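There's a structure below that I have some questions on.
Each chain gets a letter, A, B, C and D, in the order it is written, and its residues are counted from 1.
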Amino acid sequence: MTVISDQTQPDELQSHFDETIARERRIEPRDWMPEAYRKTMIRQIAQHAHSEIIGMQPEGNWITRAPSLRRKAVLLAKVQDEAGHGMYLYSAAETLGADRADLTDRLVHGRQKYSSIFNYPTLSYADVGVIGWLVDGAAICNQVPLCRSSYGPYGRAMVRICKEESFHQRQGYELLMTMMRGTDSQRDMVQQAVDRFWWPALMMFGPPDDESPNTEQSMAWGVKRHTNDELRQRFVDMSVPQAEKLGVTFPDPDLRWNAERGHYDFGTPDWDEFWAVVKGNGPCNAQRVAHRKSAHDEGAWVREAALAHAAKSAGRR
Amino acid sequence: GQALATYCLMLGDDALILSHRLQQWMTRAPELEEETAIGNIALDLLGQARMLLARAGKADGTDRDEDRFAFWRAEREFRNVRLVERADADFAEMVARLLVFSTWRLAQFEALRTSRDPVLAAIAAKGVKELTYHRDYAARWVVRLGDGTAESHRRMQAGFEAIWPLVDELFRPHPVETSLPAVAVDAAGLRDGVDVILDTVLATATLDRPDARPLAGVRGQYGRDGLHTEAFGYILAELQSVARAHPDATW
Amino acid sequence: MTVISDQTQPDELQSHFDETIARERRIEPRDWMPEAYRKTMIRQIAQHAHSEIIGMQPEGNWITRAPSLRRKAVLLAKVQDEAGHGMYLYSAAETLGADRADLTDRLVHGRQKYSSIFNYPTLSYADVGVIGWLVDGAAICNQVPLCRSSYGPYGRAMVRICKEESFHQRQGYELLMTMMRGTDSQRDMVQQAVDRFWWPALMMFGPPDDESPNTEQSMAWGVKRHTNDELRQRFVDMSVPQAEKLGVTFPDPDLRWNAERGHYDFGTPDWDEFWAVVKGNGPCNAQRVAHRKSAHDEGAWVREAALAHAAKSAGRR
Amino acid sequence: GQALATYCLMLGDDALILSHRLQQWMTRAPELEEETAIGNIALDLLGQARMLLARAGKADGTDRDEDRFAFWRAEREFRNVRLVERADADFAEMVARLLVFSTWRLAQFEALRTSRDPVLAAIAAKGVKELTYHRDYAARWVVRLGDGTAESHRRMQAGFEAIWPLVDELFRPHPVETSLPAVAVDAAGLRDGVDVILDTVLATATLDRPDARPLAGVRGQYGRDGLHTEAFGYILAELQSVARAHPDATW
């Protein structure tokens, strides 16, 4: 951490910040930073935290019904990890002066976003595997570069999160492998889950670069390291051989190897659907937020009691 | 032998079903810290259940695996106490049951560490640490809620009142246990130790010990005999639904 | 109905009442009746109404899980009939000046009883059949004589109720017959259900005559027509051949034909259990009352709204 | 033919699943009169479902009976609209859904009375009377609660807000319907008639018509295509549990 004296002038602060970024060093909580950077970081981290929390629901939906005890343990541990990720991310946001209760409030009142992928329903146990493979896979593509985020606490949280996500991704893929070796109806379940999640997974990288207005500033600040389209291409290139190995197809007639580019060509996601879901009109937006709000509201008396008890205990000491 | 297998099912089913009820809290807890703690406890119990069910399949010579027991038995074949079946009315009831259950199970496992069955002894040795954490977690919340606000005090007391009729059954000696001296734990013998702890926690939490009468059995049968509450069928319907929809599948 | 003028003297009223009873004619709502008779009738009818309402629960427990659509329809219709019986019985109690809301209040606060049989759990679909066969069977034995109850509205309600109960009993027996022709596990389910319900069904006739203090007065008033032990014997005599036809046994080693008496001998029910359940300590007493109370409490806003709307509508007219 | 069978499943599954949700009200209704009314409606719908599922088994030539369809199909094979799947938050939501559903189904059945399929026509003729009662029952409660207390007004409005996103799907034309001209009803054509009735009831009840956007499908699929909400798996787990536990049984 770089200590800045109180007398430092605004211009110096800004140039010191710029230099830190330029040298790919990290901004730490007590460092001076432009207000816009702080706000951008809080929003980015909060949305990421919200995504972990909301992301517990589609998978949590299958814990009690997991078809083997081993799978149940794996899934339960995964959903629990997501709660843990949410906790460190909210802590990282708090280092920027945000308040967790306030962020939760924004989430449950629909005033702050989370990853749109979680607005799709999970309709069979294969969805658990596909979320691990494709959704966590896409998340990792997005997040690995964030381990080098210019904001220190976020970058460090991402290191830990990415490690766990890779583990989840392998578990998801392994579940699908097992199911593909099973019965016809298991194979159907896997293919159907892939059909439902493939396009939404591609949309996880955000809109095409030419419609992504914040990318330039974010890249300049080192809070984003690759463009949406770059990451999307990387994900497609990585996923196609995995799908072949698994024995499933992606629902994209335009998907084929382009030897010239050295990449897979692929079709255009339905961006109307993307924007509809972002704006709250996906198949599960209302359900996810209502569920979170109801858990939050029903827990209010517990949180109040904990505070009251803490105050009493402090008084007694 | 069959008795040892049945005893393993008793201990395993207790853990399996309470884990199920805790799993139902995931995404519904009052705080993220509680999501992770409840998730941990549910995982620990699930782990205990898996080892115990697997042990049952070895002990009875059928070589049935953990999933065979969890997903393909009928209601009457489950041997858990009825305490673990009830749906939680709220967070207070969840921690009330968890306190009672984990205090009791911890006492059992402490004794089981010296069981003549080496597998049970090993499972118990590992479980003691886990259950100590579960009990302490529950006790902390009981105290916080009992000695928190008027509302939380009322709910915490109501939580204990609701589960108390099911407590007596935990200490009821069962022929399967008594047929396994030095292997199984004498349930009746655990009562005093458990009572001391519960009374201490209740007093610290400014709560009254309920004096509810024990929930009757049916024709002298209780959970350990495969006689369950009406809630249990719904648990199994959910727990077993996917596995049973795909009888030939591997997962 | 006999019209009594306002000037009639108490003694004349009493002797008129006594004569009506003696001639096995019916007492009607506007007739004079002794306060003790009125109270006894209200209690009897209310307890019967409560039994219908609480009795919906053990069977209602299986509606959503009925294993065939035909059985589902039969069970749903039966549970719905019980609600209907509850309604006419509360109406009959109201003709005596009781208030339905007050009676419901007594039920949900555990201040008025209902038939103890409903404090046993239903643990398999066979229980639905056994409740029809044995529990409705015992109820009919108890209730057929009540069709001749000296209190008119109750007697008439019982005529209708008994007719429906007989229908339910036949349906229950038919379900069991079908199950006994099915798989081994179905037969086991039936035998286990019989084992659980046989003794509680015998207890439905109440304590032995020498411990039943109200019997004498109730018989004198014509609100009870046979003693508990007479009815119990009748029920056993009726049920044994039905059990044989079905292929199940009753869990009573002392059960055997006594040619001398022309009746079946049978063992002694566990009267300690009976009194424990009556006093609130059966396997489901707390659950049944809590369920009813919770439905009642959760419906309070609906009932209030209906009253408020009715008042508004009346005001507009 | 297969199309007719599928159409019968659509209409049958709508009734079967809403009946299930209404069955869950039994012993939980605010008054005995409501227990009997809801029980009646659930029975009527169950009766309609049975005839329609039986008809499907004839139409597709497999001769499957009603129980085969109800208890042995997987989630993807059910063709009901998603409106019927949601668990009711309270009595207000129950009557809101019932009003919308029965108004829509009544319009369908009125048209179906002249279907070229004589079985469908007969089922519809019988159903019209039932559905008229269901609709009137729901409408009376919507008015009572909408124009009752402040609390009931709030809940009644919330009930409509909650279900409204699922209404659009009721009028979405499906290829199976369009492939059966003069046999099936054109769902889109029902909208105006239904709207008029709903608007009248809402206005009488002093409620606002929600302007919620339609709930999205997934990859262009909706309930009619076998694409359901997350609530649906739990319904089937319960509905099918006993039947599936005893695959060789007769009931």
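By definition in this document, contacts are C-beta pairs under 8 Å (C-beta built on N, C-alpha and C of every residue); 3 or more make two chains touch, one makes a residue touch a chain.
Note that this is a predicted model, so its numbers are computed, not measured.
Q: Keeping to the contact definition above, tell me which chains border both chain C and chain D.
A: B
Q: Where centres are the averaged C-alpha coordinates, which chain has the largest centre distance to chain C?
A: A
Q: Select, from B-C and A-B, the pair of chains that is joined by more C-beta pairs in contact.
A: A-B
Q: Distance between chain A and chain B based on Cα centroids, please, to the nearest Å.
A: Averaging C-alpha atoms per chain gives centres 35 Å apart.
Q: How many angstrom lie between the centres of chain A and chain C, each centre taken as the mean Cα position?
A: 59
Q: Based only on mean CA positions, could you tell me how far chain B sits from chain D in angstrom?
A: Each chain reduced to its C-alpha mean, chain B and chain D end up 40 Å apart.
Q: Which parts of chain A, given as residue numbers and ranges, touch two or more other chains?
A: Residues 65, 185.
Q: Would you give the residues of chain B that are in contact with at least 2 other chains, written as numbers and ranges?
A: Expected reply: 74, 233, 237-238, 241.
Q: Graph of touching chains, which shape: line, ring, star, complete, other?
A: Graph shape, chains as nodes and touching pairs as edges: none of the named types, so other.
Q: Mind giving me all the chain pairs that touch?
A: Here the touching pairs of chains are A-B, A-D, B-C, B-D, C-D.
Q: Along chain C, where are the residues that touch chain D in the complex?
A: Residue positions touching the partner: 53, 56-57, 60, 62-73, 76-77, 79-80, 83-84, 86-87, 90, 125, 175, 178-179, 181-183, 185-186, 291-292, 295-296, 298-306, 308-310, 312.
Q: Considering only the defined contacts, which chain B positions touch chain D in the complex?
A: For chain B paired with chain D, touching residues are 74, 233-234, 236-238, 240-241, 244-245.
Q: Can you name the residues of chain A that touch chain D in the complex?
A: These residues of chain A touch chain D: 58, 61, 65, 120-124, 185, 192, 195-196, 199, 251, 273, 276-277, 281-284, 286-287.
Q: For the complex, give me every residue of chain B touching chain C.
A: Residues 74-76, 165, 213, 215-219, 227-230, 233, 237.
Q: Please output the residues of chain B touching chain A within their complex, sorted ascending.
A: 16, 20, 23-24, 26-36, 39-40, 42-43, 46-47, 49-50, 53, 66-67, 70-71, 90-91, 143-145, 147-149, 151-152, 155, 238-239, 241-243, 246, 248-251
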